[in-house]
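Following this message is one structure expressed as structure tokens.
Order of writing sets the labels: A, B and C. Residues in every chain begin at 1.
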Amino acid sequence: MQFTAAHIALLINGKIEGDASVTVSSFGKIEEAQQGELAFLANPKYEEHLYSTNASVILINDDLELRQNIKATLIRVPDAYSAFATLLTKYQEIATQQLTGIQQPCYIASTAKLGENIFIAAFSYIGENVVIGNNVKLFAGVFLGDNVILGDNIILHPGVKIYHDCIIGNNVIIHAGTVIGSDGFGFAPLADGSFKKIPQIGNVIIEDFVEIGANTTIDRATMGSTIIKAGAKLDNLIQIAHNVEIGNNTVIAAQAGVSGSTKLGSNVMLGGQAGIVGHIFIADGSKINAQSGVTKSIKANNTTVTGTPAYDYTAALRSQATVRKLPELEKKILELEKLVQLLLAERIVDEG
Amino acid sequence: MQFTAAHIALLINGKIEGDASVTVSSFGKIEEAQQGELAFLANPKYEEHLYSTNASVILINDDLELRQNIKATLIRVPDAYSAFATLLTKYQEIATQQLTGIQQPCYIASTAKLGENIFIAAFSYIGENVVIGNNVKLFAGVFLGDNVILGDNIILHPGVKIYHDCIIGNNVIIHAGTVIGSDGFGFAPLADGSFKKIPQIGNVIIEDFVEIGANTTIDRATMGSTIIKAGAKLDNLIQIAHNVEIGNNTVIAAQAGVSGSTKLGSNVMLGGQAGIVGHIFIADGSKINAQSGVTKSIKANNTTVTGTPAYDYTAALRSQATVRKLPELEKKILELEKLVQLLLAERIVDEG
Amino acid sequence: MQFTAAHIALLINGKIEGDASVTVSSFGKIEEAQQGELAFLANPKYEEHLYSTNASVILINDDLELRQNIKATLIRVPDAYSAFATLLTKYQEIATQQLTGIQQPCYIASTAKLGENIFIAAFSYIGENVVIGNNVKLFAGVFLGDNVILGDNIILHPGVKIYHDCIIGNNVIIHAGTVIGSDGFGFAPLADGSFKKIPQIGNVIIEDFVEIGANTTIDRATMGSTIIKAGAKLDNLIQIAHNVEIGNNTVIAAQAGVSGSTKLGSNVMLGGQAGIVGHIFIADGSKINAQSGVTKSIKANNTTVTGTPAYDYTAALRSQATVRKLPELEKKILELEKLVQLLLAERIVDEG
């Protein structure tokens, strides 16, 4: 896609300095950008690049005073970084909108219902009674099991697999290789030491505006639903067990795991590689540091915890600092012991 | 699928109260169930729902005394929960049995041998000399490399990938995106700091009645076999390295990892996000807590360990509790030091 | 493939004892090998198997003196293990070379450019403007997004997904299910507690001779590139966040994670399940133990760290040892306290 400087200025409500008819077709960092690319300068530290860059169009802050002539077309805005981010978002929206049609071969059950303006890439698999909303984009090799319901404006990247009966809300993005609705890990121990599978007949519900990273796994509920509430953001390689609920706008970093039936409140932040045991509750606004292991419910909102087992962040930091001094403290204790023994021995001699 | 109350009562050996000809086609929780659904009441705490539910058929315990009239058909059994689980299992077995045939397009090498009553979904790939047993169900996008051997009654969910020469026993379930038989992580360091790949020419053997979760990885042996023994249950996102052996009925929770050549005995329980170093042995019935890091063999059966490095559970809990008191203990030591110095100084004065 | 003993001796520069025309077609352990298989004896501990094995050809060390007659053909070399590894590598190279052609169905955009002697398995997806070098082998269900560039001699195992604009160097191996170029985890918090996606418009660059395991995820940069430098080796289920750089010949074990914008130097070793926070630097030759959590830059080359938060290995081991003695140390402190109180009380009496 090509855009003129004039068109871009219109999109971000900026003022043009220079040739408004020059065109760009991609983005670049100011220090590396080539002809035909759009760059931005937000941090005055990098101003020198403004005079040497090959970028064709540059977004700059309203208040920047130029010290040399510039061959590129400038677009002045109140906040160049924010305007750049807005442009990128619009660009990606337009690019995604342009993806339409159904590539062959793909497998679409005759009972599936497809919305308008959708894209289904080759090797996608749409099961019986699936319902797909409008503006949905399925990349190659997506799997939708029987009875899956997709809302509007969804992007499923290559190889996303959604098992039967799961429900995905509007404006959801799921990255490649992620699995939604695999069986929860439920087995009943038998007398001989072996295990009997407990059927997992619930589903997964992903609400609106959720984004999920690559190769993450979210298990279906034993009965009822595993729920990821609106606005939650999950990174890559995360494990969400059966019957878990993740609250609104909760953010989970890569490789974290949440065990069965645990409920996270709203606006929780769960750090990378952290783990939470099953059947507990984490209050709204809690922050759980990376690699922590949470073993008990967090009942007070906005609590920060760390460590395994996780407890109050400030106390934990203090304990960690003392742990490093431990060998030294141990030496002190042994010396004190000797001195006290000496004092006691003398006392006995005195009294003797 | 539709079943009459009479048919269901027969399956679970129950006694009908009400209309035996009423039909159900799905399952629900008693508090949410709709007409045409089957629910159960096991916990007397929820008895009130019995009188308000819209479920068409309800399983209840033999000894439950009704306090009001009920419009649903009741089926009395000794244990309503257990009978419900049995029904679910039978239902899923029937549903799976009904999946048959080969969807197009799929890729099946001419040298592959296929059993009876199998289902191969679109986009599945069957390599040279593959052998597939009876009642095997392959969902969309399954990959079977050359010479893979599958037993009977296997379910491979979408996108399972099994590399060449691996062997899968009977009654095995593997969830979406899991990779069996990728190369073990073996590299020989060279003098210049770079690494030379050590060819990984072994395979993976999965024995009968194993279930493996989603996006798990099990590497092939360098030579010989990585082995998952009968009845073992593995959750999602687990790493099993080359030449590992997992014992019978051993259970591994999500995101745990086992390093190369380590052997786990039977009935071991490995907690979520736990890790085990390479080349050690874990005795039968050991329990390794979540997030633990095991660095030494566990030689005594039924040992429980926790922490990194992992050691005896009770001792570790006691140490963890003391760690929290550390800043306070440090203060005490410094006070004691002052007091002892004082006593020593007075002694010197006394003696002086 | 079949090889005569004569052919094998030629490949590894060995001396034949016995029938040079005998043929083998696969490899085996000396204690299990069957007729038609090649085995080796490197460790004299296993010499007994030499006289009982059914292997048809056996590699042995030059200096081994036989104590009995042997029916197999022997090939003498200076180092039997190393010669065996060389043979395996050559065998796999030949087997890979023989994979050629394009299986149907696959999806190849008309603007893609394909090199010579390549293999594209069924269900692979090649996007617009993709460039593929010579001797590239794509297994089933590989996805290459628009503008992806692949060098020469690359093996992508089943279901590898490479998003648009990523660049892969020569002699790279990537295992099944791995995702390259998914969006970095970048969200700007808004006043109402929700999050706005920050577009991720960079890419991933994988340099020459990199090997990556199964189900690993490497996110694209926000702008610029996430870079895996030449010779790095990554295991399974690893998370590499946006804008990370991994240095030459750095080795990362399974389930480890590196957060955004962190740079690892050359020849770093990152243990399994270890994690590194964002925006820090790890010096060349650093060793980070399994399950460690690194929270600060490591500035001195060849530093070894352990624990969470990670610090100097030897000091950490000493502290860990003391932690185990903590309950005992606490008891000592309380006893000392009592004794000192006693001494102080007596002093007061004395002075009273």
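Here is the rule we go by: contacts are C-beta pairs under 8 Å (C-beta built on N, C-alpha and C of every residue); 3 or more make two chains touch, one makes a residue touch a chain.
Not measured: the values here are computed from a predicted model.
Considering the contact criterion stated above, the chains in touch with chain A and with chain C alike are B.
Between chain B and chain C, two chains of identical sequence, the interface residue sets overlap only in part, with shared numbers making up under half of the total. The angle of the rotation superposing chain A on chain B, based on CA atoms and rounded to the nearest 5, is 120 degrees. Separating the CA-averaged centres of chain B and chain C is a span of 25 Å. Shared contact sites, meaning residues of chain A that touch two or more other chains, fall at 105, 123, 141, 159, 177, 215, 237, 255, 273, 291, 323, 326, 329, 333, 336, 340, 343.
Residues 27, 29, 32, 85, 88-89, 91-92, 103, 105, 121-123, 139-141, 157-159, 173, 175-177, 209, 211, 213-215, 231, 233, 235-237, 248-249, 251, 253-255, 266-267, 272-273, 290-291, 320, 323-324, 326-327, 329-330, 333, 336-337, 340, 343-344, 347 of chain A are the ones that touch chain C when the two sit in their complex.
Against chain C, the residues of chain B that register as touching in their complex are 105, 107, 123, 125, 141, 143, 145, 159, 161, 163, 177, 179, 182-183, 185, 187-188, 193-195, 197-199, 201, 215-217, 219, 223-224, 237, 239, 241, 255, 257, 259, 273, 275, 277, 291, 293, 308-309, 311, 315, 318-319, 322-323, 325-326, 329, 332-333, 336, 339-340, 343, 346.
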